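Structure below; questions to follow.
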């Protein structure tokens, strides 16, 4: 899957950290020293961001070798990226590359863990990351999801239909929504319409009214199971999404309970993966 | 402290989440419904990002009232921001505003906790956030630090001198660096020169060689105390910075051990603060 | 539906036409003349772009009154937008505003014509504009579609699944695709999967294999009718989209033949609507 | 003539259509398939945009061969551009490249037709495109004009002097303008001053008052002939531009009537050229 | 003449100087102090940049009063702009506003001096600034010229025809150019064609070949007079531009010698105007 | 020291001067002529901007050879940069490259002169350029300083602490500031605190209060000497910066008087260096 920041965006990231020059390296005359830099995770990770790190060093003008692509697993101490050139240039690219690798490999690794746990509970389950990533870095946040084997739940507000209670409470509640669902569906025949509900009975109501997807918000896995069983023999093939509090530890249970999709923000917020960065003379 | 994203930047954040329109609100005809939106933390927080949320709703064209500014404490359930207008416009600004408030209030709240704990260990201690925030969102990351009573350790590579072992190992090690320190200092007379070290003896060497700041990397607090005592009667008034593994729980101990500055990335990575968002008809 | 260019984008459009100043108005000293400018269509139109024109004049600093919003019908000679201020400023905003109003009202008007014709053939039919608009102006092109009562078929490549023969020919043809469809659908449970086909029999194959949408490319309306009848009693509720050569004149026939969605580029390319622009002293 | 979008602009066009990834190609695992893509017109065209299409594929990282440059004629089925690489990357660049080639080759082809027809009416006649292209895409619109052998009439408001009745009506009408023309001309000695008029007599008045160019708006070709004959023996070598309703079919007549410049928007609005796009395994 | 930076551009200038916050004002708690800032020239100047300074303070959120517009004369100690609000905000806008006012008022003032001197030598003489301003700041450089009563010689390479010896030497020299001039002129009938020459005889050759403008490069004023006299009775009304080494002190002489246009870079490079900035409590 | 504009920024500079095409070169068919362009200073200079000029020609697609890097001395007539390719492309890059080389080499050359003069007065003296460069071109202005052996005094308002009288007058004057200095210093332990003063006695007061740097504004060199002597035996190692009216001619005297840092805007405003540009057929 081709999914990378473009040159303009990479230049902006580099400029953010190095607006003019690297004062320390300059005072130490490091432009006169040839060196290499190596990035390797301290623990096994699913890599994300190595293409971006490669572009950073390439834009700086040093020779760069991308060894492990985004989406691949790297074992502990396995070098993921290597660059060599003037030590000043290496220092300029060091931290921004490391930050990208650590943050996004962290997200990718957690997504993969969640996906693997979920797969033990049920095959064909999709792990979706919410829109709850930090504003301004959607591109790499979604890349990290995909690198870990997940998907973006929604790219934003323009591409999909997800009706929250914050929506239907404004038009008279779930009952009213259910009455209007057929015309809403007819107005967007190429989209699936998702309705978020907070109880088993509401899920069944929404499904019977024709919701393509019922998103169960913060329900225990037993409730998911009840919804799943209730809808199993329905003529509608309603997709069941479970959202709210889903993590790597309960993903298997929710999957086993019959969810088709697990929607989570959990993967965005753990600690970054830890990468060892070695800079040495060549 | 005036520290906010400008209109161009706010527009880019909004466009990231709403590239064209809000499909769901449009299908539900929410432009015809007047409503108000309220943001209130579920737990007490130090607010960060309310000015940005205000700009988002103002750019959308709705009436907005900023109630709690960045840097101020908000108690649980205290409304921090309120806006009212068409429910479609409120939905367009909802998530990006909530994400900003939750992420950056989270950082601000953790920074404040760390600062308060550190203050119990020693007055006048400075809490600094590293450059380890996510690339692309430096502005709000630094604003969150300041909102919590911390400071940016360095804005980037161009504004300060911090010599890591990754630097001095390339020029012959700490000894060589110490010999070169006087001329380095003379080359940047308006800057303080910081040297990162990994042992008590190296710290003392660097201080005696004239480092304005010795940054102790991943040393236990007892080592900080030793360095502090060793340097107390020196003619140099060396600033002692402790870095690596500093969190809210050990900040007091490190402060009590004599550190002047605590350098940490800890505050960047916890869970976002939790805000309750209410949207209701008016 | 809130759907407008933001200030940064409006400023760029104005700068494109007026990089520095209006040389002609300046040579004639028109800054000393107060005037008003009025925009009115010469024929009835569905308006699109009046919000953008309003922003242009507002950014130039003149008083502006938006009279007819995008999506509304304006009769011949009905003033849609009015601004008054220095004649120099009015001249600076004139052409770029007129161009926006004329081009996008043209698209909106044609889309509306197509939608009304289609509605005579069948209720609940959706008119979709393709991705064949000009690169660089997607935002207003999609706004014009929506203003005319249509929808964007796809926002781009990231938000939807549409499998062309250019795709499945690379993996072994339609048969192979049909075999793989269940696993493809499982991999994107929240999306509808559309398959483009070029014959009635292929349409039926794709539908039976589980395609949520079959897009019939350049088939005559009788073929659409055959597909529609064949699928009427299927357990799959396959959506039928007709694409290729659909215009306002045949929209009714295609709708009557049973298409649920008409996919067209036709509305993008006719002549702009014609607006009379009056500038007169006040 | 070197006239192309730069990398930043090309990246923005690609990002507009592919904000993150190509979902369809990704679901079909097309990154594992090697293929080539070929673009060839179905009818003879004057090519415009092949350099931009080349840059799109090059930025995507595939091997690209530009065969027919902008401004050259391509016969039906002649391959204009070819690229080969992963089928996923080819699909990412397909539509945006095709849209550019089709739209701008369409404009170039119509401009060339108009220029050739005009040349039958009079040698040395210049075909100018107005500012009536779509806002936001001036660069390629002007490139298409030049590729077809035309010229931009004006780049925008800052580079030239063209006095419409919308200007001189504000200062007292054509008589007043004629009195002021000498001082206007003296104020911009390096520019030609053009005056738009709507009758033969006004054209002669403006020419006698010293207008370097008289632009005849929506006058029949007989009127152009009258102006041309009236001015033939004048000491002023007034340039005669004909504007309003000029198309490929009447260009010859207007040229034969004595116009030096034909100013038109006609070439901007026809149907795009039709290109066959072939994607096949390699 | 309306000629200003837009909001996006102003925000970029402010961000360049204040990337995050004003550290000094923040340490001094100046946000708690209300103050006013006044800008007044120490010597009489032609003002340029007061609209931009006004926008800077307005964007910062303080009350601002623009007293003297660009293009107007301000006497010594006359307040040109005043703003009041929090002292922190005033400090944030201070230097960037002062720099704009000082640099561009400097250029405007020198341009005006040159224009007034030239006017003593001949009426209707145009003062043109070259393209030799600093890259990246063309907008305000040209505004300063216009504020001083001058004009931009050329906006850039796309809007005008100026043939240097660096051009015609590549095609066989001035003789060849003269032979080709008629067809060059026919190819751009709406532009004046300028030819730069370095001797009286070349000037006459170019004029006789039909150059609309002869630009005399680094010729003494006696040579300008000779060219002027030689061309006085020509049927061509050739415009004479003098370029190279023209300053305020020799502008009168060159004007008296018969030049119609003086082309200079001199105004760009003197010292900035000196403005007194007062910040005081309110 | 690696310090250059990135591709996006270079493209913007080129676009500023060549928004669409080079009209003159196009009319002369220079795309058919192969040529080379050479840039050589007419007088010895310290080069600045050759990397940017190299990028300009490289982006235009011509072969480019960078011969003298920024920061190096070039003797008169020494070629600094050479490019060869189509004469049209060379003309497109000519002026913007020349302007960059001339302006910034001028600043670099003056900075070097000042640094060399200062070095005769005292070793280890730092030459700093102020924030008084033109807004919008900070990057290359600072690069020019560094190329000449100077430094930026401050990057902007966010990176350093410099307390002007415009600051302390708002809080009660220098006395109040001195009382508050210890707590101000404690609040930014990693920064040096500079205080600008206008008399010898104030300098001594500020130094005794703990200012790390006293910046003497517009004081004669005898006053600098007095401050220097007064502070020589102080326990504080106060840095003495002299600012206001410092030029190449008095730099030596100020250095000899005991200043550690000379702060100046003088280098920004002289005439550009003069480069001979040769374009010749190849």
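Labels A, B, C, D, E and F are assigned to the chains in the order they are written; within every chain, residues are numbered from 1.
Note that in this section a contact is a pair of C-beta atoms (placed from the backbone, for glycine too) under 8 Å apart; a residue touches a chain by one contact, two chains touch by 3 or more.
The structure presented is a predicted model; accordingly, all values stated were derived computationally and were not measured.
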Starting at chain A, fewest touch steps before arriving at chain E: 2
C-alpha-based rotation, chain B on chain E, 0 to 180 degrees, nearest 5: 120
Chain pair, D-E or C-D, that carries the greater number of C-beta contacts: C-D
Farthest chain relative to chain A (centres taken as mean CA coordinates): E
Separation of chain A from chain B, taking each centre as the mean of its C-alpha atoms, in whole Å: 23
Centroid spacing, where centroids are CA-atom means, of chain A and chain D in whole angstrom: 44
Whole-Å gap separating chain A and chain C, where each centre is the average of the chain's CA atoms: 32
Numbers and ranges of chain C residues touching at least 2 other chains: 7-8, 12, 19-22, 92, 155, 158-160, 187-188, 191
Pairwise touch network: line, ring, star, complete, or other: other
Inter-chain touch pairs (all): A-B, A-C, A-D, A-F, B-C, B-E, B-F, C-D, C-E, D-E, D-F, E-F
Residue ranges of chain B in contact with chain A within the complex: 12-13, 16-25, 27-30, 33, 35, 87, 91-92, 94-96, 99-100, 102-103, 131-138, 140, 155-163, 166-171, 180, 184, 187-188, 191, 269-272, 277, 279-281
Residue numbers on chain F that touch chain D, as the complex places them: 7-8, 11-12, 14-15, 19-22, 26, 31, 59-60, 86, 88-89, 92
Residues of chain B defined as touching chain E within the complex: 1-3, 6-8, 139, 142-143, 146, 152, 155
Contact set on chain D toward chain E in their complex: 124, 126, 128, 151, 153, 155, 158-160, 183, 186-192, 194, 213, 239, 241, 260-261
